[in-house]
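There are two complexes below, and they share subunit A, which is joined by subunit B in the first and by subunit C in the second.
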Partner chain A sequence: MKDNKFRAAIAKNPVLALFLGACPAMALTTGLIPALGIGCAALLVLVLSAAVMSLLGKAIPEKARVPACILVVAGFVSIVQLFMNAFLPAVYGMMGIYLAAAAVNLLFFGAAEESCGAGFGAALGRSFMTGLSFVLALAVMGAIREVFGSASIAGVALPFLENYKIPFLTQSAGGFVVFAILIAVINCFDRGERQAQPGFAAAAAGLVDAAPAGEGE
Partner chain B sequence: MKKDNFKSALALILIFAVFALILAGVNVFTAPIIESNGSAQELAPLLSVMPEAKGFETLYDVNASGSTLAEVPETVQGIYAETSGLGYALRLSTTQGYTGEPIELTMAVDAEGKISGIELTAYPDSKDFGAEYPGSFLGQDSAMAEVGLVAGVTYSSKAFKDAVSDGFAALIANGLVGAGVKSDAQLLLEQLPAVFPGMVNAEGVAQYEERELAGGEFTYIQQVMKAANGCGFAYVAADGDKSYLAVCNAQGACRVYDAEGADVTGSVNPSLLEEVTADAAANQEVFAEREMSRLGKLVAEGAELTALPLDNVFSTVTGAYLIKDGGTEYYGFSARALGYSNLPMICYFVLDGNGAIVAMTAEEFILMGDYFTDYELDEAQYKAGFAGLTADTWTGEQALISGATVSSNAVADAATDVFDAFKTVTENGGEGQ
Partner chain C sequence: MEFKEIMLIILAGVLFNNFALERFLGVTPLLGSRGGAGKAARMGLAVTIVMLVTAALAWPLQTLVLDKLNLGYLQLLAFVAVVLAVVYLAELIVNRAMHGSLGVYFPIIALNSAVLGLAVDNAAEGYGFWASMAAALGAGLGFMLALVLFSGVQSRIDEKYVHRAFRGLPVSLLAASIMSMVLVAFK
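Here is the complex of A and B:
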């Protein structure tokens, strides 16, 4: 199975299989645009912090890695936040608190921690894939919730669905329902192989154990 | 171990320092862009009233200090100068509307001091004064000669107009634009509360609608205003280069005033008076039949009613009658004071020969009563409370209905006017006050 990259990507989907970044995934998938907004911001932060951590990895003592990751991720989140506020003010407005809150999201720590000491190329590739699957998961969730909940896609109204929309889907509880359905679909692909996957999940699990207070979402 | 701790701390400090530097750089780069994004958002409503504006310079902002402008009324939230000299944009907010929640508007005033754009941005009151009302301010200077109030929505339209007025006051006080000159008609109509109190509502604002002149050639009449309660007309008339205000009551009695407010009924060109009187007679709604029926019933079936002249009564009283029931004589009056929502509160009073109220009634005691549920009114008891009151014992308090203040204040106004009319009718026989 390991050669099946598609399956592996799904099985390692940070949101739907590992439940990382569930907070923005719920809060910002009421529409496709905010979902893509937070997704792309996250992708950028992931790649940048993985790159930095892979370069610094060997220079940072083991015990300083977690605080170093926090510093690097928070730094990049702040930078992305400033740029979004300046150049994409409308999308930035949709992010609300969740963009800033991403600074303490395990999704980024996991990727950053994993990149410590890893090869630069490998770290970049892996974090990019993680980011991409995060974007995809959020885009799918956002699209489903927007199309069926608001009868529109990316803000463009879909008049033929107007009479069939389910506004519940745009609410928080509707977010949980869509989230659950997508997880069920992922589990069909996964069939328990997730436990066997080393690496990211293990790293994430290690972080959860190390800092349980971090998962307050 | 110590070495490891030191290395960890050093690494963290270095990472911290590097990111602090990068963030500072990014902030220096993005801060002006973010600020201009924010001000673009704030200026958007200004651009919608002044679309051709190149930019705005803030002269006054209620939330910021350091403005050099003086005497800016509370209503004014912001004053912005258009950078290419087109004029000024203002943000205004007033809580003088019906609900007391802020009514907000933006307006643009051109360099000549005339309103070039106006837009309502927040309107909490349930009764709308109509989309055309703000538009009627376009082209007006600070005198607002051609803007009235909307009958039935007086509170809100007055609040709106006063806010615009405050905006002008701030501009004029700071020498930004010159004051407009009030038109003759405007100055004349400002006399109305003094010369025709019957047209005025509880706030002291004359309530009328402009009526179109029709049915003949008019040499003198320029404008005619129909009282909102139907109790007469006000005319702006001109003879040569002189302007006059003429008022006619429901009985068709007219008086003419000059620009200084002096009564010139006796000395004005008789043709002018004739034209005004004829137009009033042709257009006045006649209440006599209804009044006689209601007043007759208040005394006794079969009572005889004779109309009395009201030549010198310009109050809310629209009819006065001598009522004979057998050998007893009574005086009957009908009055239309403006009540809730500026609707006429039509009241009927019967007084005995000594001026004491014998009976009273009204078409409706609580105007638009459906809106109010917190009043309690035992009609029979309420009416009985008026019996025996004379001009001397009347204080106005007797009419009060708790929970329906505006309506019952109108009843009180009507009663006051009736006592006055009684005095005029009996003591002077309707001749002179």
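Here is the complex of A and C:
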């Protein structure tokens, strides 16, 4: 669908990965446990679909790649869903419809498409790193929102914070704010970001707004 | 199905249950879109139409096939296939009829979690046919509203100086947060 520049950017640019996975990153970080749940599910789906797509990549014709990637990702999301329902029903209950909605997530799709035709080891490594940084970011966000939003951590109450909690952080609007601050902090520390910012905008516009450049109004 | 109930489902979808701003479904295309209000409205219209057709197909699939044959575990794959089929058909029709003026949006609609989320949500809520159509209309219009409003906000942000750390995504997220707070007021 898009040029290679974009695909290479996902693995290198943690902000881009967070942006593409924005839906679960904000919806499921009201607590540490759902954040870790969706993070680990994402890691599994990323690695498994990258493995399959790197093996099948050459066999699938160029035109059928987009639907093939989407269906492979959806298949692995279904598998993770069934496993989670069987072994971690409490966590599965917290996921709501977001685990299902992740089947068409741009992060998974991008990683799967990136793996088409790539070497097996390289595809695995890249998607594992993407998934790992996604889990880390989600865990940080979930911890922040749970500790300061509902004065507990992983479901265990923190009584000394009870009087200072900010329920706003557990709402949707609070999710946007915490996500914004997290990305701003990453931007601050990432020195290479000066180069990456225009690229980020172009890549985001490339995949998210699939209109070719120069179309517009 | 009562008229009042239908209206309530539509209003909920547009305002306080807004897919992009309250439930984060389809928030990535919202944050990533660039262009004026006209482009946003066309994109929103395309999403609304795809949502209506998907909901109309997903309901009989769920009640007549998946529930009858005890194939609930295939729900996600079946719905993804429906969304893909609808999007590709719509792309074909639009390319014939309108010479592709809308067609460029279709790959992102297939990858829009709002469309799939709507189908899964309708099944989870156990809506009847007309209720799920109402939910689709509400969700589509709500997505269009969010896109159009956000395109205005975005064009204002693009004119201003923003600190390096907040440039790009973070400042858009903060704007979205304020819009989300406005919608909570309708609850």
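Heads up, the rule we're going with is that the second predicted complex is superposed on the first by the 174 of 217 C-alpha atoms of A that agree within 3 Å, B and C clash if a C-alpha of one lies under 4 Å from a C-alpha of the other, contacts with A are read in each partner's own complex, and residues count from 1 in each chain.
Please note the rule applied: a contact is a pair of C-beta atoms (placed from the backbone, for glycine too) under 8 Å apart; a residue touches a chain by one contact, two chains touch by 3 or more.
This structure is a prediction, so every number in the text was calculated from the model and none was measured.
Once chain A of one complex is fitted onto chain A of the other, the partner contacts of A:86 are limited to subunit B, with no touch recorded for subunit C. Applying the stated contact rule after C-alpha superposition, one finds that A:67 touches each of subunit B and subunit C. Of the two partner chains placed by superposition, only subunit B is touched by A:59; subunit C is not.
Once the two complexes are laid over each other on the shared chain, residue contacts for A:94 go to neither subunit B nor subunit C. By the document's definition of touching, neither partner reaches A:44: not subunit B, not subunit C.
When the shared chain is aligned, subunit B and subunit C each come close enough to touch A:75.
Legend: residue contacts after superposition of the two complexes on their common chain; A:103 is shown touching subunit C, with no touch to subunit B. Within the superposed three-chain arrangement, the count of touched residues of subunit A is higher for C, of the candidates subunit B and subunit C. Counting contacts as defined above, subunit A residues 67, 71, 74-75, 78, 82 meet subunit B in one complex and subunit C in the other. Residues 56, 59-61, 63-64, 67-68, 71-72, 74-75, 78-79, 82-83, 85-87, 89 of subunit A touch subunit B in their complex. On subunit C, the positions that touch subunit A within their shared complex are 21-29, 31-36, 38-39, 73-77, 79-81, 83-84, 88, 104-108, 110-113, 115-117, 120-121, 124, 164-171, 173-174, 176-178, 180-181, 184. By the touch criterion given at the top, residues 4, 7-9, 11-12, 15-16, 19, 22-23, 26-27, 29-30, 33-34, 37 of subunit B touch subunit A in their complex.
Those residues of subunit A that touch subunit C in the complex are listed here as 1, 15, 19-20, 22-24, 26-27, 66-67, 70-71, 74-75, 77-78, 81-82, 97-98, 100-106, 109, 171-177, 179-181, 183-185, 187-188, 193-194, 197, 200-201, 204-205, 207-212, 215-217.
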